[in-house]
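The first chain written gets the first letter, and so on, giving A, B, C and D; residue counts start at 1 in each chain.
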Amino acid sequence: MEEKLSFVSDYMEGAHPAILKRLLETNLLKTEGYGGDAFSESARNKIRAACQSPEADVYFLTGGTQTNAVMIDSLLRPYQGVIASESGHISMHEAGAIEYGGHKVLALPHTAGKISADGIERYIIQYRNDVNHEHMVMPGMVYLSQPTEYGTLYSLDELKRISGVCRKYQISLYVDGARLAYALSCRVNDVTLPDLAALCDAFYIGGTKCGALFGEAVVIPRHGYIPHLFTMIKQHGAHYLQRDVLQGFSLIRCLPTAFMGRIGVPAIAAADAIRKALREKGYPTAYGSPTNQIFVVLDKEKAAALSEKVELGFWENADDSHVIMRIATSWATQMEDVERLTAVL
Amino acid sequence: MEEKLSFVSDYMEGAHPAILKRLLETNLLKTEGYGGDAFSESARNKIRAACQSPEADVYFLTGGTQTNAVMIDSLLRPYQGVIASESGHISMHEAGAIEYGGHKVLALPHTAGKISADGIERYIIQYRNDVNHEHMVMPGMVYLSQPTEYGTLYSLDELKRISGVCRKYQISLYVDGARLAYALSCRVNDVTLPDLAALCDAFYIGGTKCGALFGEAVVIPRHGYIPHLFTMIKQHGAHYLQRDVLQGFSLIRCLPTAFMGRIGVPAIAAADAIRKALREKGYPTAYGSPTNQIFVVLDKEKAAALSEKVELGFWENADDSHVIMRIATSWATQMEDVERLTAVL
Amino acid sequence: MEEKLSFVSDYMEGAHPAILKRLLETNLLKTEGYGGDAFSESARNKIRAACQSPEADVYFLTGGTQTNAVMIDSLLRPYQGVIASESGHISMHEAGAIEYGGHKVLALPHTAGKISADGIERYIIQYRNDVNHEHMVMPGMVYLSQPTEYGTLYSLDELKRISGVCRKYQISLYVDGARLAYALSCRVNDVTLPDLAALCDAFYIGGTKCGALFGEAVVIPRHGYIPHLFTMIKQHGAHYLQRDVLQGFSLIRCLPTAFMGRIGVPAIAAADAIRKALREKGYPTAYGSPTNQIFVVLDKEKAAALSEKVELGFWENADDSHVIMRIATSWATQMEDVERLTAVL
Amino acid sequence: MEEKLSFVSDYMEGAHPAILKRLLETNLLKTEGYGGDAFSESARNKIRAACQSPEADVYFLTGGTQTNAVMIDSLLRPYQGVIASESGHISMHEAGAIEYGGHKVLALPHTAGKISADGIERYIIQYRNDVNHEHMVMPGMVYLSQPTEYGTLYSLDELKRISGVCRKYQISLYVDGARLAYALSCRVNDVTLPDLAALCDAFYIGGTKCGALFGEAVVIPRHGYIPHLFTMIKQHGAHYLQRDVLQGFSLIRCLPTAFMGRIGVPAIAAADAIRKALREKGYPTAYGSPTNQIFVVLDKEKAAALSEKVELGFWENADDSHVIMRIATSWATQMEDVERLTAVL
């Protein structure tokens, strides 16, 4: 019997076979004496090259929530908070991990998951002008996700303007790249890794949701920008010496020229095919996501009927009679599953 | 030369003369051997009697922000957050003290500073129904202020309904009474101390903003509801053995039958006189506050002109050409200053 | 050219080939529709069976430091601290991760890494009798490691007595089993998994240092003893939905009957052979460790000479002219390397 | 009937009458329009003058535990801990307030409450040389108390050497002056306020235990050394705008030339008289404290007999049959009580 079709999430996959193969090879190589350092250092160098940031500090951590918690904690002083979209992952779905570290998330309203340079600057100015601002949480950094939780992308121009505001007010800019591969693989995307390195103070290239066994690579373009980060990573329980080896393995092939540009391609192709089918069949979509997440608006009866045949993710209620459901593709999505979905629609 | 008229704040006053007098007397009595405990215990018993809560635990702390921080920290488990109005003092003006303790403020929209039983229940139900709720901060208590930051009051009926929601979902209800005396002195108020004791799990009777030298009295109607609170207070640096004596002095006279019902009376009388003058002269007010804070809407030129003669507190911009300014009276406000203000208007 | 011989650490290995093989198989099986839950649930059930704890709650986390941080945070109230050996991993080498969570480590003196029931009880009584104990950190749990950082083992009798003290004073007992496989494989060990389940409130079976790709399995024998632990794990950034699958894979074969009793065997055999060689050649050892860690006392010249040929771990200075060096074996140690080491000695 | 004689503590007194008198006068002055700022600024300037630190930042906080918590939190980065004596107030009796802020207390062994420049340097060097130091808490500051918890004093030479070590390794030096007045009034003391300002990065002049109504004055000799300290104070709930006025009152008269050199004088005179009596009657004392605390060694029967007639503070057991009891004098100690104590002895 055939399993039920599922587009509910992009992070229930195993690792990409090429990564597993490499892991298997190098696990054996270990006994021939290759040190962990060599692999990890090689991965770091590939990342530095891909980002055109030869001086960058690169760290490997194990997952997205803890990467965000560590980086926000290390970029802020205790009296500062982080500006983020109300829809940002850190605002909603990290179980208070940021507050656990003592910091307030200063949540701004968003448009399809994005916040703007103007909105950020307005917030900072309002804070500075408030006579009581010494009694308030000082904005100390900006958190963006690329792509956003709504699948949308910041354009290079938008990112430049946000970076400009951060530099003007001397606060850090940090980008959560949990699904960055799906941005980099996307035709309409115009933000490259070197752009991120030029415009941000720190960002991470996500492996866990993008085909690596697990692991996220934090890039800090200016060497030494965050002193003693290793100890803070350890303090958060987020780092393992021997795991660098594995993360080196996992990420070593994720880089743009070789892999990262490629691993997202089938996901985007599948998503584009689904978007086309939805358009042809007259289903409205929301937020205009061009990446691997599609948000389809369904009336509730239709949604209930569909759910018999295909598992989608509930996103939110559009109005009393309509829901928005998320369709997520991944590097592992099969075109025959896309065809089955199209047939079901 | 006459000093400039000021209605900018209600907490720039010294202590009420009756309290200072008592302090002076008992400071001398000390050398005759009266123990601190006797004063503090007497104060506790008067508070228990006034609240009709003979079993209540009563603690004296030194100020509002730390009282809120300690109480929220002791009422929540680490994975829980506190539901509060977006305008709540803990949301805005406590410099991240709640997040410093590791807790998220779950801010709800408000009407003139108040949140409703329905809004709270909707939030809890939405949390419970969210498929990802284990990834989110669990609502663990409700924070209200009486009067609110907008000077408005919860009615007994509103408080009963909020208390009902809290009990239905087994979360704690806590009331910040920084300006409670001004609520208790207010004609339209129908919430008494015994009502607060019956409906809340913890609340505090504010001294610092209400004529005491300093100090807040936390009341926990059910004995033992918060175990080891003393140690948590100490951990927050908020308690001093010898200060109980002083706080006992300060608060001993603040209680309803004797003092608290009285100390707010001149403040409300002054505020009512100012409200009447504003009405007669055609100045619109905002939020409908019946307590010692009045919010007057002024066009910007008028506000600038007034500020030459009287110091008011900037509250917020109403629109591009109007501002809302706060006029605050206190137990120490002189009627001749009210008359000078009326003349200026 | 031959690589340099190394016995510096037991956690620089890759994963056990059997685990990698299983990972590879199941990574492919995924596309045929096996759900993650099935694997993880199977792993949980095997752990429950091995611990003879059918009702146990079992969670998979990614590494030792964060497992300790999460468990200590969830077992304590904010005003409590954790009793541990001065030599405990949480006292020394976790970069302040426990303090980061707000808790003091109440460090007791140790004998070869171990603390005793008597020492623990004395500390608790002293705390309770202190007139200022409300100003001090209340002991709220006991942390042990089995084996300890010195490679030594608690006997069943010692563990029973410690458990008895914890139950007498109603505080939790938690055991860090980062290297538990090496205890379970050790001839002199008389503490089984069912013993741990019967005597502790929580413990973890370490995978990261014992041949699993990574991952630790927390066992809470009494179902529901720690409510909402999932959310706290998430708050600490320590948990990944899809990673359960991997951890299920990793740990599924680590259990006593099948694997765990076996994976430590070569490590102990290698360690025993090294101990025999040291004894025969007249090298004194320290602490009496029977597990996979050996502590050899060397004069400083000898240590320097040896370090040319084999990498050992510096442990501490014994006196002005002698050092204690650690020799660590692992599941992956080759007998030919043991022979090379013997020859070098 | 006469009350029982008590030398149990030096912080159960009220405020010095001169302070209360001034408070009463200025409470009335308020209504004639003196602003709070003028009083506080005057107090700040007197403190700057007394410390010969015209550029110093001066803040008023409400109590010792929170002053320590705020200052340690603001002087450290998250990955750093504070070096202190094992007997230090922050190590023992602040209910985990430092750990609550996320920092480990790195406790060193002491001699009669004091730690030494050598011991501190040894600790720092050992940390730096440890191959695992990135996994350990980095020493980020030194905490001393003057006088110590054992009533002993750092000499100017000792303080200079400790300051030298701190500057050599670029970590901050902070001195807890909860009982500083009793050091400054002590004949053998050779550390002045200008010395403290020259050698420390921050220190506080205690009011609460030294006759002020309450309040501690933090002095940061180099202006701007701790940015945004006001907001951190607020975040810890430790500061009140209107309270500055009071604290200004309290401390305005505590300064060396005027008051501080004087307020401790009767305490030291009383303590010296008691020390003389003890010596004459053959009671041994411990630790050699020259300040207002005396530690007398008593056999247990004698201690029990004495406790019928005078309340002393239990300090610790000297051996199985002897205890060490603390006798504390204060600014308010009466010579007739000293005579009654002498008679009882």
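Note that in this section a contact is a pair of C-beta atoms (placed from the backbone, for glycine too) under 8 Å apart; a residue touches a chain by one contact, two chains touch by 3 or more.
Worth saying up front: this structure is predicted, and the values here are computed from it rather than measured.
*Asks:* For chain D, which other chain has the most distant CA centre?
*Replies:* A
*Asks:* Any idea whether A-C or C-D has more C-beta pairs in contact?
*Replies:* A-C
*Asks:* Could you grab the centroid distance between chain C and chain D? Build each centroid from C-alpha atoms only and quote it in angstrom.
*Replies:* For chain C versus chain D, the centre distance works out to 42 Å.
*Asks:* Would you kindly tell me how far, in whole Å, the mean C-alpha position of chain D lies from that of chain A?
*Replies:* 50
*Asks:* Quick check: how many Å separate the C-alpha centres of chain A and chain C?
*Replies:* 33
*Asks:* Could you list which residues of chain A touch at least two other chains?
*Replies:* Only 78-79, 94-96, 100, 102, 134-136, 231-232, 234-235 qualify.
*Asks:* Quick check of your reading of the touch definition: is the inter-chain graph here a line, ring, star, complete or other?
*Replies:* Contact pattern: complete, every chain touching every other.
*Asks:* Given the complex with chain A, which residues does chain D contribute to the contact?
*Replies:* Its residues touching chain A are 73-74, 77-79, 102, 134-136, 138, 228, 230-232, 234-235.
*Asks:* In their shared complex, at which residues does chain B touch chain D?
*Replies:* Answer in residue numbers: 3, 11-15, 17, 20, 23-24, 26-28, 30-33, 36, 62-70, 94-97, 100, 208, 213-214, 231-232, 234-238, 240-243, 245-246, 332, 334.
*Asks:* Where on chain C is chain D touching in the complex?
*Replies:* Residue positions touching the partner: 78-79, 81, 92-96, 99-105, 131-132, 134-137, 314.
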